[in-house]
Every structure is written in C-alpha cells, then in structure tokens.
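A short write-up of the structure that comes next.
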Amino acid sequence: MALNLTWLTFLPLLTAGIVLLIPSRNKGLIKFISVVGTVITFIMATGLARMYMEAEANPEAATGISRSADVMLREVYIPAATNGLSDELRAKVEAVVPKTTEEYKALEAQEGAIAALETDLGAEGFKAWGEATELTLALDAEQATTLRFVELVPWLKPFNINYFMAVDGLSMPLVWLTALLGVLCLVYSWTIDKGTKAYFVLFLFLETGLIGVFCALDFFLFYVFWEVVLLPMYFLIGIWGGPNRIYAAIKFFIYTLVGSVLMLLAMLVMYFWYEPHTFNMLTLMQLGPEIPLNAQLWLFMGIFIAFAIKVPIFPFHTWLPDAHVEAPTAVSVVLAGVLLKMGGYGLFRIAYPMLNDAATHQGIVYMVAILGVINIVYGAFCALAQTDFKKLVAYSSVSHMGYVLLGMAAMSYTGVNGAVLQMFTHGISSAMLFLVVGVIYDRAHHRDLNDFGGIATQMPWYTGIATVGFFASLGLPGLCGFISEALTFVGAWDGEGLINSDGYTGSSIDSQWMVWVSLLGVVLGAAYILWTIQRVYLGKLQDKYKNFKDVSLRELIALVPLGVLCIVVGVFPQWFILDHIQPSLKVMTDMIRSALPVVGAGG
Amino acid sequence: MPESTAAVELCKLALIILLLPLGAFIIQIFFSKKLPREGDWVSTVAMFVGLCMSLKMLFVDLFSTPTGITVQKWFPAQDSIGKFLLIGDPANPAFRLDFGIQVDNLTIVMLVVVTLVSFLVHLYSMGYMHGEVRYNRFFAFLALFTFSMLGLCITSNILFLFIFWELVGLCSYFLIGFYFEKKSASNASIKAFMTTRIGDLGFFVAILIMAYNAGSLEFDKIFESIANGTWKDKSILALGGICLFIGPIGKSGQFPLHVWLPDAMEGPTPVSALIHAATMVAAGVYMVGRMFPFFVGEGYVTGDWWGSEPLIFVAWIGGFTAIFAASIAFVQTDIKKVLAYSTVSQLGYMMLAIGCGGVAAGLFHLTTHAMFKALLFLGSGSVIHAVHSNEMSKMGGLWKKMKITWLTMGIATFAIAGLPFVLSGFYSKEAVLTTAWAAAKMNPGAYTIPFWMGMVTALMTAFYMFRMFFKTFHGEPKDKKAFDHAHESPWTMTVPLGVLALLTVLCGGFKFINKSDYWFLNRMDSEILAPYTHPASVNATPVVDDPEKHVHPLPFTDGRVHMQSQKQKEFREAYGLGHGTVTYLSMGAFLFGLLGAWFFFGPNSPGSKKDMLAPEAPLGKALKPLNHCLVNLWFVDAFYYAFFLKALHVIKDISYRFDKYVVDGIVNLQGVLCKAISSLVGIVDYEGVDGTVRGIGKTTLSIGKFAKIFQTGKLQQYLYASVFLAVGAIGLTVAIYLWVG
Amino acid sequence: MISTLASSLNNGMNFLASSFFTSFPSLANFLAQEGTEKVQEATEQAGGIGLKHYLVVSGLVFTLGIMVIVMRRNAIAVLMGIELLLNSASLNFVAYSKFLANPIEGQVITVFLIVLAAAEAALALAIILNIFNNTNSIEVAEADSLKG
Amino acid sequence: MPGSEFYGNLMFWIFAIMAVAPGLGILLCKDIVRQAFWLLLSLAGFAGLYFTLEADFLGFTQVVVYIGGILILFLFGVMLTHRMDIPLKDVKGFNLVLPGIIAAGAFLASIFHLIYHTQFKTDGAQETPTTIKEIGEMVMSEYLLPFEVVSVVLLVALVGATYIARRGDEEA
C-alpha cells in the first residue's frame, strides 16, 4: 500500500466497502473494522505529514520520497493522456511538449511555430499537446512550488478534467485533522447500536469525501468531493439525529446545495468563457488577470456565497445551530471540526487566488472584514442567550469562524497565518467541546444548561478535560485558541495589509475599530464560556446527577488526544505547525497581493 | 549581542526558579492522591528552593555593586521551540516572538518578593487549609499561580508578559472559586476573571500598537524604536500608553475596574494574602514600572517625563483610587473587606508614585506593602480561623487570647499607617509622597491634586487601619461564645506571621545596613535611567554631587556616567528639598489618624463609650448620607450591574430573537413560500388543465343526452323532422336570395 | 314566418284557379284561331299546360306522400307513401326534360329511378316480412328498437 | 274539332286529378288493400301524365313496372303479413294526424312559393323525337355507367331481399 494521496483518500471508502460485506448482525466486527480503517488512514496521514515536514526542512531530500510534480506529469500523465493516439503520433507529441515555461515562451515567440505544430500533430494530437503544455505551465508556476505528493492522471479527457490531487501548507493540517477526528469520532460512536452498519459506512464515506475535498486541485474534482461530503451528512443527521432531525437535515442539505449550485455556475463560467478551457485550479489562478473586474466580482460573489454558507457567515448561519442540536455527537464533532473548514479552505484555495482582482477590491475587503466582525460579536451575543448546551457551542463556532474572515480580509502574512491556524485550532477546540457536550448528554439525556449543576464534584476528571476545552476556545494564552486569535488580530491591525481609504498602504481594514469590536467579541466569549462552566460544573450537585459515572475509557480516548493537542499547539505553535504551513501561505499571499497596484511591502 | 556567560548563568537560574513551581504543579495534578499528606509539601519545598535561589541572586548580585546589575538577557532556544512565533522570513519577519529571559534589579526584587510570600503562604495554608475537601487541588493552583507570576516577572517581551498575565488571571479565577459549591464564590471568580479580561482588552490593543509600530515586542527593542524614532506613528503613542494602563487598571484593581477585588475575598484567606495582597495585584505595578519608558514616550528622550499624558493619566487614576478606596474602607465591617480596600488604596499609591516619575519609589512601596499586607491578611486569617467568622462585630478583645497574632498584626498596622522612622511603611510612603511633591513642582497643573490626594489618603489609611485593629483586638468581646473558644493558631500559621513581622521591621532598616542613602532607590533608578537614556539625548549633563540638595550621582562601577537632562536635574533637586516638608506632613497624618481612630474606637475611649458614631447620635446623623454612600461602595457596583449586565442581557436576548425569528424566519419563509407556490401550481394544474378535459367530457355527455331525445326510434318522426328541415332550408335559401338579390 | 306561409298558400290556390279558368278563355281565343306559334305562347301565357303545372302536381303528390307516411301506421302504407314520393320526383324529371334543352336526359334518369324504386320496394318488403316474422306486427311505431 | 291543345290540356287535367286524388284515398281509408288499389289509380295517373309529356316509353314502363310489378309486390306483402287475429283495419294509436297536416301544409306552401316566384328559364316545349331510340342511345352512351350501376343495384337488391326474407324462415 504505497504512501500517496490516492490511497489516503480512498482507504476509508475501501473500509466502508469491507464493512458493507460484513453481515449487520455482528456489530462488534463492524465497529472494529471501521475503527481499524480510520486508524490506518490516520497513520498514513501522520506519515504524509511527517514527510511533508521533512520536505519543508530540506526540499532537495524530498524528491526521494514521492515523485515530484513534473516527474508525475512526464511518466504518468502524458502517456495516459495520449494513449488514444497512434504510436508515432504519441512519440511526436511527447517530444514536443515544452519542459519549462521559458521553453514555451520561446516556442510562442517564433510566430507560426504553434500553427505549424497544429498542422502536423492533427486536431487530436494538438489537443493532447495543448493540455499537457497547460499542465506543465501550471506545475511550473510559482504557486506549485510548495505542492507535494502530486497525483495527476487524466480523468474525463474530452473536457480536459484530470484527477489532480496534491497537498500544500494550507491543506495538510486540515487533512491530518480530518483523519484524527475520524478516528476519535468512530471510537466515540462505539455505543451506536441503531443501524450500526449504515452509520459506520456513511461515516467512512464522509471521511473520504472530506479528505478528497482538501486534496483536490481540480475544480471539478473539488466539486465532486464537495457533493460527496454533503450526502452522508444528510443521512447521518436525518436518521440518527435528535427529535427535530428531519427539519435540520433538510435545511442543512438544501442550504449547502444552493451554495454549491452557485459554485458550479461560477466554475462552468470560468471553464467556458475564458481561453484555456480548464478546470485545473493552478491554471485558473494564472488566468486571474484576464478576467475583467466586474466579471470577477460576479464570480467572486457566487463562490463567496457558496463558501459563506459553509463557513458559516452571518446571514447564512442559521442552519448550523439546528444541524448541531439535532446531529448525534460524533457527527456534530466532524461537522464542527472539519466541515466548517471546507468553507474557509475553499475561500483560501479558490475564491481569493483565482479572482484576486475582486478579492483585493476595496468593497469586497470591507465586506468580508465587516462580516467577520459581525460573525464574532453576533455569534457571541447569540451564544450568551442560549439555554441549550449544544446550541451555545454551535454559536461559539459561528463566533470563532469570524476570526478566519477577519484574518483573511487583512490578507497580511500574519493575518493569513492566523486565519489558517484558527481553522486548525478551532477544529480541535470545538471538537473537544462537542465531545464534552456529548458525554454529559449521554448521561443526563438533556442539554438544558439551567438544569445542570455541581458536575465537578461528581465527575472530576471529566471537568478537568472540559475546562481545558473551554479555556482553549476562550482564547486563554498557553492553549491553542490564543495563538490564532493573537496572530489574527496582529494581522488585522498590521499596517502592511491591502488597501485603505487614503491609498494602497496601511492596514487593509483601515480603521482599527474592527479590531476593537472583535476584541469585545473575545471578552463576550469569555463571558458565555465562564457562565456555562458555572451553570454546568460549579454550584451544588443536584441529586439526580448523583450516580453519574466519571468519564469512561471510550470517552477518554476521544477527549485526551484533543486536550494534549490543545496544549501542544498552545505552547509550541511554531515548532508544531506554523513552520510548515508558513512557506505555502507566503507564496499564496504574495500572489493574491500581486493584484494590488502598489505592492504592500512584505511586512 | 552575544549573551555573556554570566548573563546566561543568571538567566538559567531564573529559568530554574520559573520551572520549579511548574514541576510542582504537574506532580500535584497527576500524582497528588498517591503522595503522603496529598503532596502539599511538594510545592512548599519547590517554593523554598526557589526562595533560596532568588535570595542568592539578591545577596550575590544585587549587593555586588551599588547600582545592582545591568540588564542580562538570554534566549533559551531561539531556533527551535524557543522561537515561539515567526511569521514571514526570519531576516525581515512580519511578526516575531521569542521566549526570552531578562534578569535585572527589578526582576530580582520581584523574584524575591514573589517566592518569599508564596513560600510563607504555602507554609501557612498547610495549617489553614488542613482538612479541606480539595486540599491537593489548592496547592496545585498555588503552584501554577506562582509559576505564572514568576514567568511574568522574568519574560523579556510584552506579549509573553501578557500570556503570563492572563495565566495569573486564570489561577485567580480557580483560587477565588475554590469553594465553588457557594454560588457567591463562583460569581466572584467570574467577576474577577471578566473584569481583568476587560482590562486585558486594552492591554492587548497596546500590544498590537507596539507590534505594528515598533516591529518587535522585546522591551528594549520597543524603547529603542521610540528613542531612535523608528516608531511608525507617533500620534498613536499616547493612545498606546493609555491602553496599556487599562491592563493594570483591571489587574491591580484601580478605580473603574476595582469592583472584583473586594469580592475576591470569597476565596480562602491564604489566596487573598498571596494573590490579592502581595503578588498578582502587584503585577500591574511591575508592568507599569517595566514599561515606564513606553508610558513616558517622547519624554524619555528629552528627559521631560512630566509632560506625557499617559503618565499623568496613571498618576490621576492612582491618586483617585487611593482616596476612593480608603473612603470605602471606613465603613467595612468584614475584616477581609477592610484589608481588600486598603490594598486597592495602597496600589493606588504605587501607581501615583510611578505616575509622578518615581518608578523606584513605587516599587519600593510595592515591596514593603507586599510584606505587611501579606502579614495583615495571614493575621486576619488566623483570627477568622479562631473566631470562625469574618465579621468584626463578632471579634473584640482578642488580644488576650491570641498574643502572637496580636503582636504581629500590631506591627503591620503601625507599618501601613506609617510609624515614622521605625518601620518600612513610613519610608516607602514617604518616598512616594516626596516623588509626588517633586512632580507637583515640575508640572504643577497636572500633579498638585494627586499629591494632596496621596497626603489625605495617608491620614485616612492610619484611621481605618487602627479602627480595624481596635475593633478586632481591643474593647469588650462582643460575642461571648466566639471569644471563649478562640485560641492561638498552630505553629505553621504563626511562624510565617513572625517572619513577615521581622521583615516589615527590617525593610525599614535598609537605611542603616549599608549606610548609603536610598539603597533601594539607587538600584531601581539605575535600572530606569542607565540603559535607556540615550547618550545623545538632548542636553544631557553628568550629575554632580550636591549634598545640601541631596543630589548624588549613581555610583556606577562599570564605567557608565550618570547622565541626566535639565528636567531630571530639577526633579532631583525638588525631590531632595521635598524630603523635609513631606516627612513632617506624613508624621502629622499618622498622628491624626491614630488619635482619630483611638478616639472613636479605642478600648475605653470617650467615642466608644458614648458610641459617637451610632446613627442616632448627632455626629452619626450628620454623617448619615456619607455613610450611606460608603456602604453602597459609591454605587459603582450597582451602576455596573444595572448598566452593563442589564444591557448585556437585553442585547443578547434581542440578537438571539433577531437570529431566531428574522434570519431563521427568512429561511423558513422560503420553505413555506415554496410549499405555497407548489400547492398553488397543483391546484391550477388539477382544476385548470384537468378541469377542462373533464369539462369537455361532461359537455359531450350532456349534448349526447340532449341529442337522445331526437332519436325516438319512430320512423315517422324522423320524416316529420326532415320535412321541417326541408322547409327551413327552402326558407333560408329564399331569405338569402332576397337578401342578396 | 306564418304570414309568408299564408301568402304563398293563396298564391298557389289562385294560380291553380287562374290557370284552370284561363285555359277555358284560351279555349275561346283558340276558337278565334290565331297562328299556332302564337298559340304556343298563348297557351304559355294563356294557361296552356306549362312547366309550372307539372311542378304543382308533383308538389301536391309529394305532400300527399309525406302525409301518408307520417299518418299511416301500417308499414306497407308507408311504403306506398314512398312510392308516391318517388313518382312525383320522376314526374318532375320528365317535366323538366320536356321543357328544357335536351328532352331525353330527364327520361333516362326517370327510367333509372323506376328501376331503383322497384329494387327499393322489394327490399323494403323483405325487411317488413322479417320484422313481421320477428315481432308479429308491422306497426311502424313498435319497430323503434333503434331508439337512442 | 277544337284545337289539339284543348285535348292536350284536357288530358293533362284528367291525369293530374287521377294522380293527386288517390293520395287522399290512401290517406283516409282504413283497409290496407283498398289503399293498394288507390295507389294503383295514382300510378296510372302518372303514366298518363307521362304520355301528355310525350314520354311514351316512360309511360309504358311506368305501367308495366310500377303497376305490374311493384303494386303486385305490395299486395303479396299485405297478404303475407296479414294475420287472422288482427283485423285488417288500421288500429288507431300513434296519432300524428294534426302535426302531419301542419307539416304537409308548411311543405306545400314553401314548394308553391318557390314555384310561383322562380322564373323557370324554359325553352318552351321541345319536339321530342321517338323516345325509345333516343333513350337507348343515351343509356348506352352517356349514361352507360349509371346503367351498369343500376344493374348491380338490382342484383344486390334481389339477393338481399331473398336472403332477408328467407333468413326469417330458418329461424322459425
């Protein structure tokens, strides 16, 4: 089983296949196989991450590990792409495909060369040549320097769609987090006994979709995985959910679907209207300047709304509390831990790099920033008003995702790093919180905050871990929450942002009032978390909670790794993760800011 | 600059002191149940070792030269985990944060204070907390607190200071809410954490300003960027200073955000002693002292410290808090509340001192205050332990039963009231007031009122402290039963009291130990003046010894010359002259405070006999409105509760209702809309299209029925009908023919 | 509608009467022996037997035929009525052929008409016999099984 | 001797009356057989009219076919359907008398109105040559198709009539 992205993505699917074969009677075997499947995926993900880190440290050594991009292109892609042609034509095409961008420029320089090529290669041959050249240019471009573990095989040749999977600084942490949460959630849902087989198969299916979304670098493939994720979630919420699950599942499904339709529209527009008809994200990124500004604005809005629904951003967030309240614990852990990151990841991977003129447009920057601030403060206020434990945590997720937007709008190095790290850290802390809610829900079978009290005396270990989780999401220094928040705020305040009113230097969000208000959001965050801790854990123990057992092994396995992760990221952020995601984010930020008339210094 | 081996040695020592409590905390958390005596000795021993090390630093380094040591910096692991945060390429980083350790006079003093008080409190709580339900958890939090407090003292950059600052806040949250079964305790802990968190908001914005403008967050880098003008945006410097001070307002309980400190008395007494008297609240003072050049801003280069707004802001807040808190302390009946408000008042004093430019005076007062306030708290702890109640109404005449506590608390009360020339309290308070006096000379408009506030507070302090002393230990025992079984506390509690009492006396005596005047002030000033006064600063001149103006150059041994600008010169002179008048004034304040307290509350004094202050008595009636204000803590708490909390609840309800009905409403509306449209389409489809089809069917049927009538089967009728048709046809053709024709 | 019927009825009556009586005065003219061709018109105008006379006769016979069919209840009587109708029609044909351009055509058609009448009568009688055999009655009214 | 027209006219009126009057007879008398004989008279009147129109061949065929053939057929019909238990007299019943008169009157009025008002474009009495030759030519030349069709119709009628009548016997 070679260590590459394809195996990583489709291993859960394979496990799901195996689980399907097992008769649904012996639940034990089903659970065991699926957990083993996710554990292997997690080990592979860690291995890949390890290799990615080494590759970061010394790029030269990396070539040995996995075939680099252009080797993959030469040996795998071109033979596959041209296998339809006659042998001598294939040889001719392979010979002619330029190795580097300079070579292509030289070829382009002498006029008539390409026309001559077209004649002697014939239509079929010329089409294959065109696609191969386009890919070489894409892989040679600056964005591709940090791509690793490239998988490139032509998929739907007539439409120039190829199976293009790769991982860089932006997606590696999220892939690893998905694998980790996959293991923890399956272990946690060991007690699911209603339709176990369906539950585990759907979960593995979901995990494949998620890993696929983060690795896909072909827009079409991205969209396919995006929909693959949507389907199991619908069933998981719809069948194993709480009392009002149907409403929540439908609302979730339709909301995301509407968004994905907008994205599909934008994708097709970009495919059909602009010259090199391709779905390949890297070429589309180079395509940016050719799209006129107002077209870019329209496309940007379409894609932005699609991801805004997923993030979720203020006006489109109402599905989140319902989905979370109704979803079973393990599902809402994955939902909060990873699904919300698909939106943020999408904005970073697709919306900003491809449409960077629109992204750096003053109006859009302000819109995104203001939406971020609203998300933070509005989410915090709503969280304060909740009496349902899980809904409170859901709204806290809405509030925390606001930082991602703030960091993104700032588009300074620190801001972007802060935003990406926030996605990772929020994934950990919110996953922990939802597990914490799940543990207490399994015992008390209700989530009314005012009805709890004094759990600390009855379940000390559980309270300890829950406190770590709560204070991580509160943003206490020394835990993961603070690092990303601090970076985001420094980034947002950072003068080297994009544009401000009096010209193109200074902080992107110009007036620092946005940071002041978001800090107010942080204080409110502290308020509702402490209030929750007081209502649930402190105070006198009610007699009906007298016989609660403390945290069981299953719950410990789910909670402890996240707790440790919280502390490790909090104490060693740079060593653990920032060092590795830094270079690719720097490349991406430079590319996006290149759309600026006056390039802000790399502050 | 490569760290000299000596510096690295010193910083390593500091690092060890830092990590000791952390180790104790980890051991306590995980293994306390298995350890004998639930592991309380683990953190106590750790504290003791820490204390010995810091004492070594004190005696070895601080005494080594008249001006102590210069700044020693060391970055433990700058390339690996030490490089805490690095964004952008290392050469020109967008944001860089390294974990560095900085040891200088200020740090050593703080280390000594923190470890000493922490050790004594540990010792004390072994006795006081004996038998509590979460005994091991208490010591774990104490260790964690000490760790974060030490971390705060030795970091070399502002963001790490902020990190440890919040960790300290967290520990105070845990310790205040230790008895979390009591709702009031958990409320108090939340109140403490939230108020400090609001303060931290300002602190964090200041950090953001520094990160952007100064490029780096190291203390020396920030001051250098101000000094050599690389600071990007001068206008924001003042705002930065004020924002930075909002942090200490929250943490050290200054005026607007002081509300949490009295409520923090819900926690166990050792916690109050350690956290809310000696260390945590002092963190704010330490931070202001450490960041003094930033507060002064431009003035630091020109030497004119008394013009900058942030500094004036600090002085004013400090002065006002002092007088404000002292006034409330008059009417408190709970012994710990009195001490809490006295702490707030004394902290106001320290802020006033630093605000007037006397960093050394402020920190000197901080040190002495740490000693006697810790002593006072621990003493009150043993009294409460004996009487099992905080209310002074239950006490009285205890001096017979608790000789040691009475003696030690007596010394502390005299120290804080400012017994002239004998106890440390007098010297540090006198230093603060002289600085204020000198500052009033330098910038009369801004500093005269804070000076007088300080002076009045001196009088009030003496008054309420002796009021507490007399009410607790002298007069008739008010509660017979409580008095009977009151007994002296065990040795673990009384030994710390003795040690602290000894130190309170000793601190005063610095003056005699090595003869040079202002032992403490020289070391602190060297700290503030030497490294940051830019040699090329405007018209800086060397200091010349002038005995009658009490101006003495700092005796640097490493070849540096004590430079100071014109303003500094004037300030030094005013300070020297001020000594005399201020001493007399503060002696007067002490006497008046003592007499007033004795008069009203003394053992057999006229006031207590006739109970002058009773509500019905003439004086009592006159003071009734003032009393009402004081009892209600000047309505600050009530205002906060009514305004902020109510607003919060209202806003949260509005926003959630908005979210539920409007935003969600729209989504559901779309759902409902779709259903309505689809049912409409259904109806149209069924009635319309299908309707017409059925209609056609029906009509043909009815026509058929109608037509049946003619199909009678009778031949003749057919013929009959056809004849008529023929006739009709003929008529028609004729008609048409005529009509056409 | 009724007034036109009434007026056309008395026109018809006085036409018959006038033509009946004018034939006699023409007799008188005749007696006065003017030329034959003049006599031709004279009989024309003067009431000689013209086309209209034959038409009137066939109209009358046709109406009587209808009355017979409608009023008689016996099937065979009905047949007789039909025969009357057919004969009046054939008379018309012959009358027209007499007074129009090609005198023979009308007669040829009448021959065919007579042949058809014969065939029709035979068939009708066979049907009547069949009805009679089935229902033992040849009441026209009773044979209404084809009612709608 | 009075002019030939006189006799022609006279003959016309006699035959006209002979044709019309029996119609009333058929209408009124009850006995079916008498009706038959009235029909006989009417047919004879028609034959006479043909003679006045110099259509002698027709006259003869009328007499032979109509009176000789069809009338006799009618009589057979009457005899065959005659049943002892039902008196030959017509049974009163379905009285369409009044409506019948009205219908006839209306029809008559409209026919006469037409006859009276239309100006027939007559070319005057035509000299009609001996009709039998002419008719034969016409039948054999212009009217060949109708002649053939008529022969087929006769054949069909013949077969049909016998079939229908005989089918009745089988059943019985």
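Letters A, B, C and D mark the chains as written, and numbering starts fresh at 1 in each.
Throughout what follows, contacts are C-beta pairs under 8 Å (C-beta built on N, C-alpha and C of every residue); 3 or more make two chains touch, one makes a residue touch a chain.
These numbers were taken from a predicted model, which means no experiment stands behind them.
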item: Chain pair showing more contacts of the two, B-C and C-D; value: C-D
item: Cα-centroid distance, chain B relative to chain C, in whole angstrom; value: 133
item: Between chain D and chain A, distance of the C-alpha-averaged centres to the nearest whole Å; value: 107
item: Separation of chain C from chain D, taking each centre as the mean of its C-alpha atoms, in whole Å; value: 8
item: Chain A and chain B, separation of their C-alpha mean positions in angstrom; value: 38
item: Sequence positions of chain B contacting 2 or more other chains; value: 714, 716, 720, 723, 731
item: Touching two or more other chains - residues of chain D; value: 94, 96, 99-100, 103-104, 106-107, 110-111, 113
item: In chain C, residues with contacts to at least two other chains; value: 4, 66, 70, 140-141
item: Which pairs of chains touch, using the document's own definition; value: A-B, B-C, B-D, C-D
item: Residues of chain D that touch chain B when the two form their complex; value: 94, 96, 99-100, 103-104, 106-107, 110-111, 113-114, 117
item: Interface residues, chain A side, partner chain B - complex; value: 251, 255, 315, 317-319, 378, 381-382, 384-386, 412-414, 417, 454, 456-457, 471, 476-478, 482-483, 486-487, 489-491, 493-496, 507, 512, 515-516, 519-520, 522-524, 526-527, 530-531, 534, 537-540, 571-575, 578-579, 582, 586, 602-603
item: Touching residues (chain side chain C, partner chain D) in the complex; value: 4-9, 11-12, 15, 20, 23, 26-27, 30-31, 39-40, 43-44, 48-57, 59-68, 70-77, 79-81, 83-84, 87, 90-91, 94-95, 97-101, 103-105, 107-112, 114-123, 125-130, 132-134, 136-141
item: Parts of chain C lying in touch with chain B, wherever the complex brings them together; value: 1, 4, 66, 69-70, 78, 140-141, 143-148
item: List of chain B residues in touch with chain A within their complex; value: 80-81, 83-89, 92, 94-95, 159, 162-164, 166-167, 170, 173, 177, 180-181, 183, 186-187, 190, 193-194, 197-198, 201, 204-205, 208-209, 211-212, 232, 648, 651-653, 655-657, 659, 663-664, 667, 671
